[in-house]
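Here come two complexes built around chain A, the first alongside chain B, the second alongside chain C.
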Partner chain A sequence: MDLEAGHIVPYRTFIFVWITLMVLTLTTVLVSRMDLGPLNIWVALGIACFKSGLVIFYFMHMQYERLIFRAYLFVALLILAIFIGLTFFDVLYR
Partner chain B sequence: MAEISSASAKSDRGFLTPSGRGLFGWIFSTDHKRIGLLYLYAILTFFMVGVFLGFLIRLELIAPGRTIVNAQTYNALFTLHGVIMIFLFIIPVVPAILGNLVMPIQIGARDVAFPRLNLLSWWIYVIGSMMALASLFGGGGPPDTGWTFYVPFSTEATTTNVTMAASAVFVLGFSSILTGVNFITTIHRLRAPGVTWFRLTLFTWALYATAWIQILAGPILAITVALIVVERVFGTGMFDPLKGGDPLMYQHLFWIYSHPAVYIMILPGMGIISDIIPTFSRKPIFGYWAIAVSSLAIAFAGSLVWSHHMFTSGMSDMAVFVFSLLTFLVAIPSAVKVFNWVATMYKGSISLDPPMLYALAFIVQFLIGGLTGLVIGSAGTDIHVHDTYFIVGHFHYVMFGGAAFAFFGGLHFWLPKFFGRMYNKKIATWAWGIMVVGFNMLYFPMLILGLQGMPRRYFDYLSRYQPLNVLSTVGSWILVTGLILMFVNLFRGLLRGPEAGNSPWDARTLEWTISSPPPHENFEEIPVVDTYPYDYS
Partner chain C sequence: MSSEAHKDYAGAKLGMWLFLFTEILLFGGLFILYAVYLFFHPKDFAEASNELSLFFGTLNTVVLLTSSLCVAVAVSALQKGNRKLTLILLAATVGAAVLFLINKFFEWSDKISHGIFPDSPILTERVPGEVVFFGLYYITTGLHGLHVLIGAGLLIWVFFLVRSGAVNEKDFVTLENAGLYWHLVDLIWIFIFPLYYLIL
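For the complex of A and B:
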């Protein structure tokens, strides 16, 4: 029942996550000006994944949910990663 | 258990009893059974439109050259036939109709987990289908891209109402996703005491696997068609090489959804078959766990094979190799199911009632569809038959001969439960026979025509292909005759037929233990289950 009552998160956490997100956005912009070869895509996707992770876990409170929800989210994200990954059998070998 | 309250059921019309609110009592009802019937009426209406369009396509192809329509109209005909049959009929048909009607009762629940969301899904379906219909009129005329909306034709070349049609598909996708969310939550949270995962019916298992695909793949379709709209309206260049885009990316995105969608169509059908066969063989299902797990395996493996639609698109040879290999993996869980159904029937006491006949036709036709799938899943042979009538024959064997026949079997199996009345079994058997003959006469010649090299999606063909095309068109007339006979008999029986009783097939799952038609909220008291669903020993 206390799960439904909601979890109070201190402002400090939110502000810290927000600042991290801004820094990561800045990093994405800066990195896009450098040519890292095949690493371009990995860096961009890596930062994007980390940022969406922060939003889901803190802003959307997944951090405070039960294991089954986190497991399901993980499965969904894993499948999405597989979808994206498999397309690279085409893109990387053209 | 089956005898409970059969005496009191005689005059009680259960959830069908008029609520006193007339039409509003239906279109704003949150009862899962009423919503199931709303879907039934809406989806069957569109099915009839789709059949009519298919009928016109076959009529045009009875002779080479222009027969009844010109090339542009023909392009619109096959596009609309595809859009309606895929997005308005075969994707929602089993989960939305039979899933809504049957699944909550099978797990011993009073309703789905989110009844209002369920009603919203129906409304979204109706709005989406109205938008699809609206794309027929005004503006540049009905879309002519094929149901796949391939770029660059859909984004740059065509002036038809593609934006409206793509928006309709976007909206329809949400109906499917929300139904998936609802079913997964329902199956997790609302199982009655004693209904363990081991005691779920295989129909529920199939819906569960389907719901996962709906949730995971549905959003990708929504994004893909939204990108088409964005391309057409703003010209962002996502798929335009001149602006740094990639036209093949569209095909990837489209098939990442649309291949798993094939399993959204067939998996629930397989679930119906898994419930019908033990009932009419009077034997416990053979390999319960293998069938349940193979549903999940099909859902998973089926999500990884989309690029086998693209072997001739110019993607890398590496991708052709990988996706061809992965495609063959799906054959394993599919074959597991077929072998288990056959093993269930072995030495069973088989009665050939209409639902069982549909199940048997399903097995044979799905087998032909599946085996021709191996021909085109193999990259080498696919090069030769790609975009020929072999493909058209193949997917109609899976979709119509498989999924739709399973649905018809499900209607004959479960609708007497929900209307409390029985159709005429003799006429139903005749209708089945006519449909099987018509169906195979319609689609088997297509497999041969394809091997002879007749390309799909043209309103014209070389005269040497004519004899088999005539045979195929005559088959379509027989099939339509069977369909009309089936629906007339079914609905006449459901409205005016003799009382069906609570368990006309003497089946053992939970839905047959309550009165017919089931009461509002299904169970007066939530049942406690201590038996296995297919306990026919």
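For the complex of A and C:
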């Protein structure tokens, strides 16, 4: 079965992803030096989420794994989101 | 032959991912702490963050992203049967890990020589937000640094397994899982970098 043997990702794909990650790093440093007020943190987090998406889906092969891997990832991130949501629900309305 | 029949690649990788999720929740807890205190002390956090070296932070980001590329390509190389390239890339990744830790050493010793470390007399006199920022900085980057050390150890171990042929183009899940651990180290740094070094 192809899934068992493992999908061989071409070097090209990885190098392209790496270049994108470098460009995003440069972008996040440059944007952080501009004063956008509270927007700064959201832009920084947005870029960080996009970068981690690239790492998870390409470097970590999530793109080529079975659906169950993505379901697990979704559950883990959902639990983290619930933790964050409940914490802030407490902090903001205390 | 029977040992080969019992190999379960999907299971081995799924197990590794489950472990990585617990790591994400571990660091997630630290990031939640950071977020709550940032909410209470935005000005102090910005002040403290400006004292961290943007140069070393950016350099370490580039080092980790590049080392992640090396590991990713190393897996493909081994799958194609190019053992030599795999070994070169694994050695390069361990080199990157050492470089990362050297940078971290310079950063920490610079801060410590200025009297900024948990519970130091100079730090405790400063405003509460800055005390919390540096406390979280030390524990988060310290825990992350420990992961870099463990990751480098795993990659050295896999390096020898590949060299001896125990991990090869037909049986490479050990390399893949060690690689997954290394990518997680990179993943966490992707969030540490903007939160600690880039806050204005």
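Everything that follows uses one rule, which is that the second predicted complex is superposed on the first by the 79 of 94 C-alpha atoms of A that agree within 3 Å, B and C clash if a C-alpha of one lies under 4 Å from a C-alpha of the other, contacts with A are read in each partner's own complex, and residues count from 1 in each chain.
The working rule: a contact is a pair of C-beta atoms (placed from the backbone, for glycine too) under 8 Å apart; a residue touches a chain by one contact, two chains touch by 3 or more.
Being a predicted model, the structure only gives us computed values, none of them experimental.
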item: Partner chain(s) touched by A:V23 [first = chain B, second = chain C, both, neither]; value: neither
item: Chain B versus chain C as contact partner of A:L39, first or second or both or neither; value: neither
item: Partner chain in contact with A:F83 - chain B first, chain C second, else both or neither; value: both
item: Contacts of A:A71 with chain B and chain C, given as first, second, both or neither; value: neither
item: Contacts of A:Y93 with chain B and chain C, given as first, second, both or neither; value: first
item: Chain A: partner with more touched residues, chain B or chain C; value: C
item: Interface residues of chain A shared between complexes with chain B and chain C; value: 76, 79-80, 83, 87, 91
item: Residue ranges of chain B in contact with chain A within the complex; value: 215-216, 220, 248-249, 252, 256, 303-304, 307, 315-319, 322-323
item: Interfacial residue positions of chain A with respect to chain B in the complex; value: 76, 79-80, 82-83, 86-87, 89-94
item: Contact footprint of chain A on chain C as seen in their complex; value: 9-10, 13-14, 17-18, 21, 24-25, 28-29, 32, 35-36, 38-39, 54, 58, 61-62, 65-66, 68-69, 71-73, 75-77, 79-80, 172, 176, 179-180, 183, 186-187, 190-191, 193-195, 198-200
item: Residues of chain A defined as touching chain C within the complex; value: 3-4, 6, 8-11, 14-15, 17-18, 21-22, 25, 28-29, 32-33, 35, 40-41, 44-45, 47-48, 51-52, 55-56, 58-61, 65-66, 68-69, 72-73, 76-77, 79-80, 83-84, 87-88, 91
